[in-house]
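My questions will all concern the structure given below.
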Amino acid sequence: MSGQSPAVVSASKLGLTFQTSDGPVQALSNVDLTIGKGEFVSFIGPSGCGKTTLLRVIADLEKPTSGAISVNGISPEQAREKRAYGYVFQAAALFPWRTIERNVALPLEIIGLSQAEQAERIKRTMELVNLSGFEKKYPWQLSGGMQQRASIARALAFDADLLLMDEPFGALDEIVRDHLNEQLLSLWGRTNKTICFVTHSIPEAVYLSTRIVVMSPRPGRVTDVIESTLPRRRPLDIRETPEFLAIAARVRDGLRAGHSYED
Amino acid sequence: MDSFRSRIIPVTTILAGVVVLWYVFAVILNAPFQRDLDQRANETPGTVEFIGKTLSQPKPTLPAPHQVAVNFFENTFLRSVTSNRSLVYNAWVTLSSTLLGFAFGTALGIVIAVGIVHVTTLDRSLMPWIIASQTIPILAVAPMIIVVLAAVGITGLIPKALISTYLSFFPVAVGMVKGLRSPEIMHLDLMHTYNASRSQTFWKLRVPASVPFLFTSMKVAVAASLVGAIVGELPTGAVAGIGAKLLSGAYYSQTIDIWSALVAGSVVAALLVMVVGIAGRLVDRAMGGRPA
Amino acid sequence: MTWLKPSWQAVLAILFCLVALALGAMSKPEAAALAQPTATTIYPYMGTKGLILGLLLIAALVSAVRLAPVVEAAVLFIGAHIAAWLLIKGIAGFEGTALAPYFLALAAAWLLAWRCVALLSSLRPAANGAKTALRLIIPAIFGAWILIIWEAVTRGAGIPFILLPPPSAIGARIANSLPILGSDVRQTIFKAVLIGYIVGNLAGFVVAILADRVPFLRRGLLPIGNMVSALPIIGVAPIMVMWFGFDWPSKAAVVIIMTFFPMLVNTVAGLAASGHMERDLMRTYASGYWPTLLKLRLPAAMPFIFNALKINSTLALIGAIVAEFFGTPVVGMGFRISTEVGRMNIDMVWAEIAVAALAGSVFYGVVALVERAVTFWHPSVRGG
Amino acid sequence: ADKVTLQLKWVTQAQFAGYYVAKAKGFYDAEGLDVDIKPGGPDIAPEQVIAGGGADVIVDWMGGALAAREKGVPLVNIAQPFKKAGMELVCPKDGPIKTEADFKGHTLGVWFFGNEYPFYAWMNKLGLKTEGGPDGVTVLKQSFDVQPLIQKQADCISVMTYNEYWQLIDAGYKPEQLTVFNYSAMGNDLLEDGLYALEDKLKDPAFEDKMVRFVRASMKGWKYAVDNSDEAAGIVMDNGGQDENHQKRMMGEVAKLIDNADGKLDPATYERTAKALLDQKIIAKEPSGAYTTAITDKAIK
Amino acid sequence: MSGQSPAVVSASKLGLTFQTSDGPVQALSNVDLTIGKGEFVSFIGPSGCGKTTLLRVIADLEKPTSGAISVNGISPEQAREKRAYGYVFQAAALFPWRTIERNVALPLEIIGLSQAEQAERIKRTMELVNLSGFEKKYPWQLSGGMQQRASIARALAFDADLLLMDEPFGALDEIVRDHLNEQLLSLWGRTNKTICFVTHSIPEAVYLSTRIVVMSPRPGRVTDVIESTLPRRRPLDIRETPEFLAIAARVRDGLRAGHSYED
């Protein structure tokens, strides 16, 4: 799929089994996936189906127990060492001893940016996630959603070509979410970044993605891959078009099929 | 200053309780000897007089608080601070090697912890031997250390400080190994995604995460350091310092002297622990510590 | 160049061997023999000098070739240890006559052993048996080298026996004095240390809880706790002998005082370590002080409490031994140490020290194992 | 001036007054010596200090010195200022022990750290076991002080005539309330404070000469101290001694052990000491060359 | 409002200002609110508007700095001491040293239930949130959504009359969310519990609630209170009715009005 652009992520027969004290848990099984440069791929699936695990494998935070995976044509480890990606965790993972501003600065300090450049990027991304005015607060002084936005700002400030985002907008209200969806799309449009995006919201997935990967649980498998036929430029009201709703319906069906609820 | 007052009242109450108990024990513990003494002198004093005598023996088994207080006061305030009978002078001698040893010990403890956390070889091989080193009874080897150091021309403060170092590095090493390994796994993962170097992960994540462990360990270490400094004073001929006071007191059964030296040592210890505690709180505040 | 991967240890070792060769005589008798080639004096390393240096050189060179790590480790292991053994064996009868090349050869052997340990600790064997074996072998080699260097230096430099006996003499002494060592261990460890450790830790723990429970006590007790527990052992030990007699109870009392403070401080810190949200959760259940303590704060405090237990496991041992310097029955490790120093039986002193170190390590190891089991959930145990 | 380092066996007290006096009165200076006196303590083994190169000459008891000699530290007695032993065992009269026959089944306080040899030699002679039980005596390792007696933890304790004995008197015992077993009086004494140096160093004539001058000045110091005991006690106080009164008394008692201050070793006493140590297996073989009279012969004419 | 039933929560002129090192933050201001017995009230509002803070004030986890509040006619503190409510936090707050099962058992141990009763409740609630089979796992062995479900199970097992739920379904996919919505509604219908529910999903708020409180940020105020005209029994497909959509539109308008985004 998307054979025209070079593969950023390419996995084949990927499997991962966690060994726990009361037996193995198969989190991923037989995952085949190729993500091309500039794609926006959403992952959707029931809770516990392995979305986070897949992202972690791509990020070299977890080693697969079977199959092969490459990132930018090299191993995930090498890619990580080249700082190929930015990661937004499912939880905010802010350092409690740093102010919000310093938390956003963390990756910038690590890659060794100049103070001025740091300040500029912090200002820009803090504005983007609408957290201006909270720069000097500590994480525990922020609401849940604000913490999540701070962690998004941190990933965006890092400015890698591949963005791995694990439910970044989960704790945000619809309006902020719409706003950030738009911002993300425009960023993606501007920069030709590749984005892997985990979400539970079907409209969000359809609105944002060029491709939607539907997963099913235990063992986590890819059950459906839906190519979006929507144009690259998407106003918010595209979400009322029949085309949009048709894709959403297909995703919903795929999701329901893989689900374990009988009712 | 409200917090000061809210602190003073409990401390004085409890101290008062301790003093009362102390008097009771002084009478009980000094009574048998007083009885022997009276018997040998063929005296039969009344109860009040007897109790009075138990509290005013020149070399009591347990000196009464006022005896210690008087001795402490005389040796602290009535002597010139440069006299070697002054507790202030002796406390200072001990304090200086304590502080030096504590500084060495903390630094060494941290270095060892860093090594253990970062170098697999050290993690596997060093820890058992550090533990073994700590079980070597210091009083047994202190004289040998001092002899050897004297042979190579190192005398004075350094040998004593080294014994403090020996006793204080261990709590810091143990605590810091734990502390440096205590960051949340998700935070470590985050640093991993940035491909942060070991030193970056160390300074930006491990060090801040270890702070509660560091200061707790440092409290233990500073107390251990003081013990080390006192122990180290004995084999150097016990010329000056709280250890020397204790020794000469013990040697002549001058229990009152011993106790006032003990009180001096305790006061120094409490002050040191408090200073470390305050430093810990300042650091915590600077790190945006959330009030409990 | 791909088949060559010299480690800095190997390079240094080769360098040391070459310098040793260049300097010539390994010992004074050899130097004398070289100066008077006609005399037929017997000197150390007559036949083995070439063997030792050659062995070291070969091992170092082989290790620089790209080989399977296991093979490389084996070569280094054998090379370093045979050379060390030859060195130590050769100096027998000529103690105190070693010259610089002797120490250079020793250093070279040590570097190779170091390289060997570094290699072994980088191994990640799959089999569980191999893992355990490695866990034991690595510290063993490390420890063996402490002893080897000690033995070689004390003999080579002829350090007086009463200052520092060689480990071989200490080992022989241990083997010959097992009954005495046994009775000392019983007196000191099984009576004073264990009882003092248990009571001291409990006391520190209870006072910490009391101080936590009653704010009045917190403000009053903690500063006094700070004072009492830093009491220097030399001051306290004679007093305890005065109060509790000269047998083990007074030693246990000293141990109690020594272990009290670390436990107090760590428990207090640990009780503050639970998270805010978790404490809020317990509040929503209107959970009383004790359930919250039991179900949230103590488990969260465990990493700190085990810190104290670990520190105290060695502190208790030092405390009991040192306390025995001040009046004891004529048995016990501290008694033996102070007495045998006076009798110049320094090997016996070190035998006791070795037993103390062994006991302390076992003690610490047991505490650490329990810690792993109890705080399995803490990031420091789960990984990181 | 030639430097000499002297390591004492115990803390600064009148027991070592002679050396402090010699230094304070300039006797060492007069011999062209610059003497550094290092006080000892409960944990200092002078034998170790000299073996480690930390001293040129030490004050030691013969038992410790001969034991060290066997362990490879070739100590040689170069002078013996103390002719008699100051150690004794005292028991309160109101206690169970009046004579040697009463020891069985009782607890006795003994100093260790090399000071226990005379006691064990004595018990050996009496045929008493020292492992406790009703047929032997229970031995208690006594610490610095006389507390075991006051606390009634022991039935008898070791004291030095010049030191702990007076602490008992201070504690309210009257001399007539105490039974005293004096090792010298019983003929069980081992030689106490002597001066020892290393054999191989003594082979160097320059060092030997230094020792001759050192012993000469030291003995002059002792003589002066014996003659002016209050002044000597004052000098000890100036050098860190504790409790002036106590030091004066100690000086008076020490004077009784010094005899005529010639520092000469009596070979008969030496033989007896060596034999007692041999009997007790503290040393394994007859020592030879463990003393020299050459120094005192040259020093005191 | 809902004057017929006795007030479970009643707040008047409620205000809360946090003192931070760089100045005060007004999290709540002038909040007037009465919640009757058996009501299902949703709180919706932009991130950082004070929803969590309001719930925390009701739960006596935070003291208001002005105004008055009562719970069940008594002070929040007394109500808390009477175990009047169960609380689902925004984050899962599971104890890492307890298995999932033991985490759910925690409140039951504290109120001193018998082993048998505990086991029964654990089984029931674990099934309800579809976590059966994960009883013996530790929290870090669960996915984000599974952790959140475990914390819901814990609150439900507690079985108080008032439920305070702070974005309980934030990290769950649509299908699980629908399932849990239904379960929650049926539980509410069966038991006449009072539920305060923070959510970012407008449809969820409309579907579940008898009343929707719309809040606006800095300082957190109540800008709109929308009474639902939907019947108490609500099948899932009620969400396609015009009545439902009308209420949703009203909520969306209220939300947008209070929002700080200019775009």
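In order of appearance the chains are A, B, C, D and E, and numbering begins at 1 in each one.
Assume a residue touches a chain if its C-beta (ideal position, glycine included) is under 8 Å from a C-beta of that chain, and two chains touch if they have at least 3 such contacts.
The structure displayed is predicted, hence computed values, not measured ones.
Counted as hops between touching chains, the shortest connection from chain A to chain D is 2.
Counted as hops between touching chains, the shortest connection from chain B to chain D is 1. Once chain B is ignored, the contact network of the remaining chains holds as one piece. Relative to the C-alpha centre of chain E, the farthest chain centre belongs to D.
Taking the mean of C-alpha positions as each chain's centre, the chain lying farthest from the centre of chain A is D. Chain A and chain C have centres, each the mean of its CA atoms, that are 49 Å apart. Mean C-alpha positions place chain C and chain D at a centre distance of 38 Å. Per-chain Cα centroids separate chain B from chain C by 23 Å. Note: centroid distance chain B to chain E, computed from Cα atoms, is 52 Å.
Residue numbers of chain A whose C-beta contacts span two or more other chains: 91, 140. The set of chain B residues that touch two or more partner chains comprises 61, 139, 143-144, 147-148, 184-185, 234, 247, 250, 290. Each of residues 163, 238, 242, 276, 325, 338, 341, 378, 382 in chain C touches at least two other chains.
Chain pairs that touch one another are A-B, A-E, B-C, B-D, C-D, C-E.
Residues 18, 20, 22, 25, 44-49, 51-53, 90-91, 130, 136-137, 141-146, 149, 166-167, 170-177, 179, 200-202, 252, 255-256, 259-261, 263 of chain A are the ones touching chain E in the complex. Across the complex, chain A meets chain B through its residues 56, 59-61, 80-83, 85-87, 89, 91, 93, 95-99, 106-107, 109-111, 138, 140, 158.
The touching residues of chain D, when paired with chain C in their complex, are 42-43, 45, 47-48, 51-52, 64, 67-68, 70-73, 112-116, 130, 138-145, 147-148, 151, 153, 282.
Those residues of chain B lying in contact with chain D across their complex are 32-33, 36-37, 40-41, 58-59, 61, 84, 139, 142-144, 147-148, 150-151, 234-235, 237-239, 247-248, 250-254.
The residues of chain C lying in touch with chain E in their complex are 275, 277-278, 280-287, 291, 295-296, 299, 375-378, 382.
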